[in-house]
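Please go over the structures that come below.
In the two complexes that follow, chain A is the common piece, with chain B as its partner first and chain C second.
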Partner chain A sequence: MNGPHDLGGMHGMGPIPIEEDEPVFHSEWEAKVFAMSFATFINYFPVDETRHASERMPPGEYLSSSYYERWLYALELLLAEHNLLTPDEIESRIAELT
Partner chain B sequence: MPIKTPNQCMTAQDARALLADGLSCQVESNLPAKFQVGILVKAKVLHPKTYTRLPRYVRGKVGEIFKDYGVYVFPDTMGQRLSTKPQHVYSVRFAAQELWGMDASPKDSVYIDLFDDHLESP
Partner chain C sequence: MTSHHHRPESEIALRVKAIESLLVEKGIVDPAALDAIIDTYEHKVGPHIGAQIVAKAWTDPEYKQRLLADGTSAISELGLTGFSSEHMVVVENTPEVHNLIVCTLCSCYPWAILGLPPTWYKSFSYRSRAVIEPRNVLQEFGLEISDQVEVRIWDSNADLRYLVLPERPHGAEGWSEENLAALVTRNAMIGTAKVQLPAAPVAA
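Our next item is the complex of A and B:
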């Protein structure tokens, strides 16, 4: 799809920040999103389906989201599309935990 | 949706192995390559609404087959769970001036990994 991920040739995006000693994760929630997504790889969703799911994030949201925010969007989208969890179930679990 | 998944959690052991070794999407196959190293190819002009590994800025552009990696599953159909559709993947060299015009450096090139289904004869 001609989505927001296909940035090649776009102007005005600014330089790519290069961090010295970049950590694997910048905060604990990122590690959790990675772990939850990783647990679905292959056995639940082909990796290309996961990549496509993150590209289907609305363009404005995609461009202003961080890497693992996109992963989380893809995971929630596919869990719902394959009837493994409903968005309501996800929301009620969030409410329980907060 | 012909590609079905088992929908079973992987074991911790499987997860460790996958993290350590990764996963190869290469396929054992005698499928002949459609294009040979050194020849010119054109990236097709396609605008699928579904998943594709073909970036917009090379569509319709002519490049040279730099390397043939062998046969791999096709992400564009895997993304829709349609089929594995194994085919050759190539490193295709596009001159910067072909992509960005004569203001680009004549010395620069972009190498993009593209599949048989992305390419045609120019």
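Our next item is the complex of A and C:
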């Protein structure tokens, strides 16, 4: 499928963001998004479906999100599509925690 | 970072916390399993695994032949096959050819052999530019590749992942496999660096 993820050969993306001694994760939420995705794609949906889910992100959002924000989008989408967690449940829980 | 966040970090962190608490409550994920996954990728898998494969190939010519002919089997022979590295092709750097690995579509990378990819590997700029202006990209890593040297780019995908077998540095003749492995960096196995001897001499 053609989409914003098909970046090979595109111009204008700027210099390579090289970071010395980079940590594996840059925050706790990144680590948790990775781990929850890993745990669910082992048990509930294949990893290919996760990648495809991130490719279904609207192009403008895809290009303005960080790597793990795209993973988070894919995770939420698949949790909803597989009837594991609804967007309403997430919003209610956020309200409770706020 | 690759790109700016369009949402504040604290907002994302809260959202992730909400999802985690719901998934744990519903029994969909086990908190101990999440910790184990994070620990594995933070502390257990990483470029030291790929470095063992490279050092073995440098010291055992027959192994090197097997590795280049069938990377998947040769890596499996060392018991180093793992998730996201099930099908592997190993490409050799020589004085005539420099290989560079990218995943233009996302971030495919041999996790079990190199760990999770660095931010630059997942960045839009590396993904877009590596295939169209690799020599400029390599310059940004401080690597000048002579025009006489052919640059080959390998675009990874979900089912097939690549590893660069870097050139063994001159001056490391007779070194043990272990000492050689310590020289091999992540970037050298992606193709954005060469393997260098340490500045100060190290006893072999």
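We take it that the second predicted complex is superposed on the first by the 98 of 98 C-alpha atoms of A that agree within 3 Å, B and C clash if a C-alpha of one lies under 4 Å from a C-alpha of the other, contacts with A are read in each partner's own complex, and residues count from 1 in each chain.
In the analysis below, contacts are C-beta pairs under 8 Å (C-beta built on N, C-alpha and C of every residue); 3 or more make two chains touch, one makes a residue touch a chain.
All figures in this text were calculated on a predicted structure; none of them were measured in a lab.
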**Asked** What is the contact status of A:27 with respect to chain B (first) and chain C (second): first, second, both, or neither?
**Response** second
**Request:** Look at A:51 in the shared chain and tell me whether it touches chain B only, chain C only, both, or neither; answer first, second, both or neither.
**Result:** both
**Request:** In the overlay, answer first, second, both or neither for which of chain B and chain C A:14 touches.
**Result:** second
**Request:** Please indicate which partner A:85 is in contact with in the superposed arrangement: first for chain B, second for chain C, both, or neither.
**Result:** second
**Message:** With both complexes overlaid on chain A, does A:2 touch chain B (first), chain C (second), both or neither?
**Reply:** first
**Fill in**
Between chain B and chain C, more residues of chain A are touched by C
**Contacts of A:67 with chain B and chain C, given as first, second, both or neither** = second
**Asked** Touch check for A:41: first (chain B), second (chain C), both, or neither?
**Response** first
**Message:** Let me test your reading of the model: by the given contact rule, A:97 touches which partner, first (chain B), second (chain C), both or neither?
**Reply:** second
**Prompt:** On chain A, what residues does chain B touch that chain C touches as well?
**Reply:** 6, 8-9, 38-39, 44, 47-48, 51, 55, 84
**Asked** Can you list the residues on chain A that touch chain B in the complex?
**Response** 1-2, 6, 8-9, 38-39, 41-49, 51-52, 55, 82, 84
**Message:** Taking the touch rule as given, give the residues of chain B at its contact with chain A in the complex, in rising order.
**Reply:** 3, 5-10, 15, 18-19, 23, 47-52, 55-57, 75-76, 78-81, 99-100
**Complete:** Contacts from chain C onto chain A in the complex sit at residues 1-7, 9, 12-23, 26, 28-30, 33-35, 37-38, 41-42, 84, 102, 104-107, 115-116, 118-120, 122-129, 131-132, 137, 140-141, 155, 158
**Asked** Okay, in this complex, where on chain A does chain C touch?
**Response** 5-11, 13-19, 22, 24-29, 31-36, 38-40, 44, 47-48, 51, 54-55, 61, 63-67, 69, 72, 75-76, 79, 84-85, 89-90, 93-94, 96-98
